[in-house]
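Each of the two complexes below includes chain A, the first together with chain B, the second together with chain C.
On to the complex of A and B.
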């Protein structure tokens, strides 16, 4: 299976509706694939909050309206922040179709029905965690506290993660914070959100869309091979977890993905991880086996994850600075890996990468999708 | 592919939470399949309104919490009222797994975040139709007006549909209105909702859950063969439709399903159709080719769709009287077809049916899922 086309919008606070965003990404992906929309056999739509925020469910039928007289199977998948990697995984697992499009889209700013904070919290456990005040910044703050205590590290490594992601986003014209210079001083001085996480530890509210075209056969030397696609799930409530500084869903899905791709962690040349909060980037590096448990701080401080390092991470700016339009985020990671493997990443191009991996999680690891791509 | 297990809850106004409802259906389906939950390779969760009504998205992770240490792929599909037939279709199309569970669940009564009327309207087009007041009762009222004018029929055939569905539900102990005697007089006198549709033309708000186990291999003579599963989509706004008295998505999906099953409409012995409003039962009978265009009234008046008729329809009571817990409705139709084909339908058993079909739609035909089962 191959990725034969990719398309995206800019991420950020955009004056475009949900269908307009999706349409722009679809047109760009079709154009990039050099195919016709009539060649597409099925469309998988990924979105998290179209109901609570935009008052518009049944998004598959909205997408159908954009492409008159197509009448192919179109469906929507929602698995919180992991919606689009799961949609990608489903599209691959569905052996019935030859050419499939996956469209991730989210509209999180502008006139909304609910506060985005209330809406995003719906990815967490309403029955137990919410009663204790455990909405996401609080949950990840507890995880950060435990991690920092266990491995005796201070906040500076989280600042490094934020700084590097913002630095990379300055090389990505599509990124939410492409135009924003972010200094270490600004990061350090930013207001506290949930101790120890401050504003620059948190990913932003972004609008945006990404579309990907998959084909069973390769048509061009720009096509990228899918080496593995896996997903796993875990309990939704933090109260059910034995260990808060590691996500079992990432461990299981990545182990299965390494087996499927027949590679080991050290074979990965470029990596996109789900840094919804900076602490989750450290946990991802460990759960994926890129470094040993408790060794992420050391890896980050060594410079290895920078664009010219041994294992560049989030070269597009990550969720922190590329942006986090939730239903499109997993596809944005895949978009970046494809761009890098095609050697089309311009100023942020990594030196001839052969294998790239993306890790996309939902909630606090209740869902994880892992994708491995290669040339 | 075979259906090897079915489980459901009663439908109605139930004092049970979303996870409790799903758990009950899952346990019942696993018990019926004589397998162990550990034999399940993946779970497809179908739900429409968990975000707007229950403030709980990421339902796949909630379901994961119910089954500790399973960590298999679990995902949620939402395509409005067609969510569960589309989840069923996806599960079948996913060649990767041997034993798959599909769980449809909806919680529509009790303490809710939003009015169910507002939430359900999210299956319709927010951008154009809602501005004109076209929420679902209004949309289906316009469709009914057009249909009744075009074929010169009066409201009495809609009363027949309502009456027959309620009559059948009195033979189905799981049905929302099992305990309610509904006379023709009551139907005729019920308050107007949207002219010409009165209260008894509209399906109710129901809580409920249904789970189905699919297996690649048959293990028992109670297993039911899947002859076809198809879906199609159409535009969301009524303003884009050329014909309001027929749904293109039903026509395309059923044509593909008949081809896949290698049968013709007259081979179908029992039928479940999506009677969200009584008028949609007439349209379904025509779009599925059970009768000619404009001939549904004649068919219904002939008695053919009654339990002892030539093509019994909605033997469980249909959406009108079995109930309409939206994310579970398509699976409830499949549950009834399986029960009938197994000859386990008790007092409402049809005389030795061999082939059954279910038609499940989303919105006003923006999505359609068709399933054909056989012994």
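On to the complex of A and C.
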């Protein structure tokens, strides 16, 4: 299968409503593609929190309103922060349709029904962990605390991750923090959220939407080939996991994806990882086999993950600085890899990449979607 | 809580009866020791976790089963934490009076894990009070949790059971003679160091503590209805209240998740001195036929941005209580303009006391 069109909105604190955001991405993706909207056989819409935040469910019908009189099958997929890579995966696995669109959208600012911190916590275990005050950043703080203790590292490598992502976002006009100069000093001195994670270890609350057009046939030389799409799951609570410094869902999904694409980790030229918190970028690099266990710190300090490095990571700014409109995030990663593989990334263009991979996770690794694309 | 299938070596967090892999019965794994293996300190509030910072500990028991536990206490990695919820053993609290405020304060205390002893006049009431509190706290909690919280509560009819309390809160009826008598008895039965607090909404602590040998241990602690929802506590400092008493009660109020404000003992303190004249003035407006009660309530809500109008609030407080506070205020402040207006007396005479009698300004 091929990706024949991509479209997105800017990410950030935007004036547009959820349907308006989705519409903008849909229009941009269709205009980028050789196909017409009438060629689309079905749409998979990805979103995490439209119920608790926006008081809107039945999102497939909302999307139907944006394409009057087409009346095609539309389905919403929700797997927390991994919703859009899983929607992408489901679209590919549905053998019936020739041309499929995937739309990821999230509206997280403005008037909301529930506070975002409470809504996002719904990605974690409600039965046991919530009542002990385990909000979402706290889960990752526990992971960071375990990781830092295990490998005897300090907070500075997390600051490096944050800094690099912000630096890359300054080259991406669509990024949430495109306009913001972020210094190491600012990162270091930002307020504590949950020890050891401070504000700049956390991705922002963003509005945004991304749409992707898939087709069984290639229609243009700008089309990008899908080499693999895999998903895997794990328990919702960290208390069920033996190892807290690695996500099994990432390991399993990426192993299956490497097999499907018939490549090995060292064949990947460009990588997007799910840095919802800086610590998860380190864990991703290890779980994906880009470096050995406990070696992420070394890899980051070596400069390898920078745009001109041997394995550029999160060239769009990642979740940290490109933004994290949850239901659109996995598709934003795919958008970036397509842009890079098409050599259309402008100032942040990586030197002729051939294979790109995206890792998108839900909750604290309760879901993982892996996508591998190639020219 | 953890359930285990021996044959398949699988664990569940949920009380599953049979293993989905082999169909055999599972065992409940009981942990007796839990050790801290990780932690974070959370600085941002969320629903149910309004008080920050707090710690979350990652615990591991002797079987390697993990759990999380929230606490305000600092523990180190390797420390043992009892799986039974930690008892807040710093302060034991007594409450005199089992009316609306007394039982609501008791509810809040046990939910904050304070050992609480509640005094009622007659033995036959004890069971009823217990089941009322049980019912009130049970919303959103499991049966096990409810019984766990109820372990913090005991009832008595005997003041001598307050002898080892650190703080006793008087929540008897708003009557100086009654409260003076309560304080007098308490000062005889309690320790020298016990702090005697009163939930009085308008009577000066200086009067209430007049018969006690240690007025420095006496203070006002005015909670608001509904206690679990209303964050404010008016700390009423009398002329003789000591710094220690003040400090202990401020910390105590904060530990209860409340926001204490300090006010010198004076009629109506802050809230009632501002509120009751407004209710009286609203009743006057109604008497004069200036506007309907609905419109006066609406004007207050929309124009002053109050969540409730004066008549809705008066019904909620109780018209009889409004009248008695207004009488105290007008007398103490020597201000005839806040003497309760006739309509309020008429309502009391007719038994229209508000929400509690199903009719006040409005019908319920």
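Criterion: the second predicted complex is superposed on the first by the 375 of 375 C-alpha atoms of A that agree within 3 Å, B and C clash if a C-alpha of one lies under 4 Å from a C-alpha of the other, contacts with A are read in each partner's own complex, and residues count from 1 in each chain.
Going forward, contacts are C-beta pairs under 8 Å (C-beta built on N, C-alpha and C of every residue); 3 or more make two chains touch, one makes a residue touch a chain.
All of these numbers come straight from a predicted model, not from anything done at the bench.
Asker: Based on the superposed arrangement, let me know which partner A:122 touches: chain B (first), chain C (second), both, or neither?
Answerer: first
Asker: Who does A:191 touch here: chain B (first), chain C (second), both, or neither?
Answerer: A:191: touches chain C, not chain B.
Asker: Could you say whether A:240 touches chain B, chain C, both of them, or neither, answering first, second, both or neither?
Answerer: Touch status of A:240: both partners.
Asker: Based on the superposed arrangement, let me know which partner A:79 touches: chain B (first), chain C (second), both, or neither?
Answerer: A:79 contacts chain B only, not chain C.
Asker: Check whether A:210 is in contact with chain B, with chain C, with both or with neither, and answer first, second, both or neither.
Answerer: Neither partner.
Asker: So which one touches more of the residues on chain A, chain B or chain C?
Answerer: Counting residues of chain A touched by each partner, the higher count goes to B.
Asker: Quick check for you: in the superposed arrangement, does A:133 touch first (chain B), second (chain C), both or neither?
Answerer: In the superposition, A:133 contacts chain C only.
Asker: Name the contact category of A:95: first (chain B only), second (chain C only), both, or neither.
Answerer: first
Asker: I'd like to know which partner A:363 touches here: chain B for first, chain C for second, both or neither.
Answerer: First partner only, chain B.
Asker: If I apply the document's touch criterion, which positions on chain A are contacted by chain B in one structure and by chain C in the other?
Answerer: Touching chain B and chain C on chain A: residues 118, 121, 125, 127, 237, 240.
Asker: Enumerate the contact residues on chain C facing chain A in the complex.
Answerer: Chain C residues touching chain A: 1, 11, 13-14, 38-44, 46-49, 54, 56, 58, 65-70.
Asker: Along chain A, where are the residues that touch chain C in the complex?
Answerer: So the residues of chain A in touch with chain C come to 115, 117-118, 121, 125, 127-135, 137-138, 141-142, 145-146, 149, 191-197, 237-241, 244.
Asker: List the residues on chain B that touch chain A in their complex, please.
Answerer: For chain B paired with chain A, touching residues are 17, 19, 48-49, 51-52, 54-65, 68, 70-80, 86, 89-90, 93-96, 118-119, 121-127, 231-237, 240, 248-249, 252, 362-363, 366-367.
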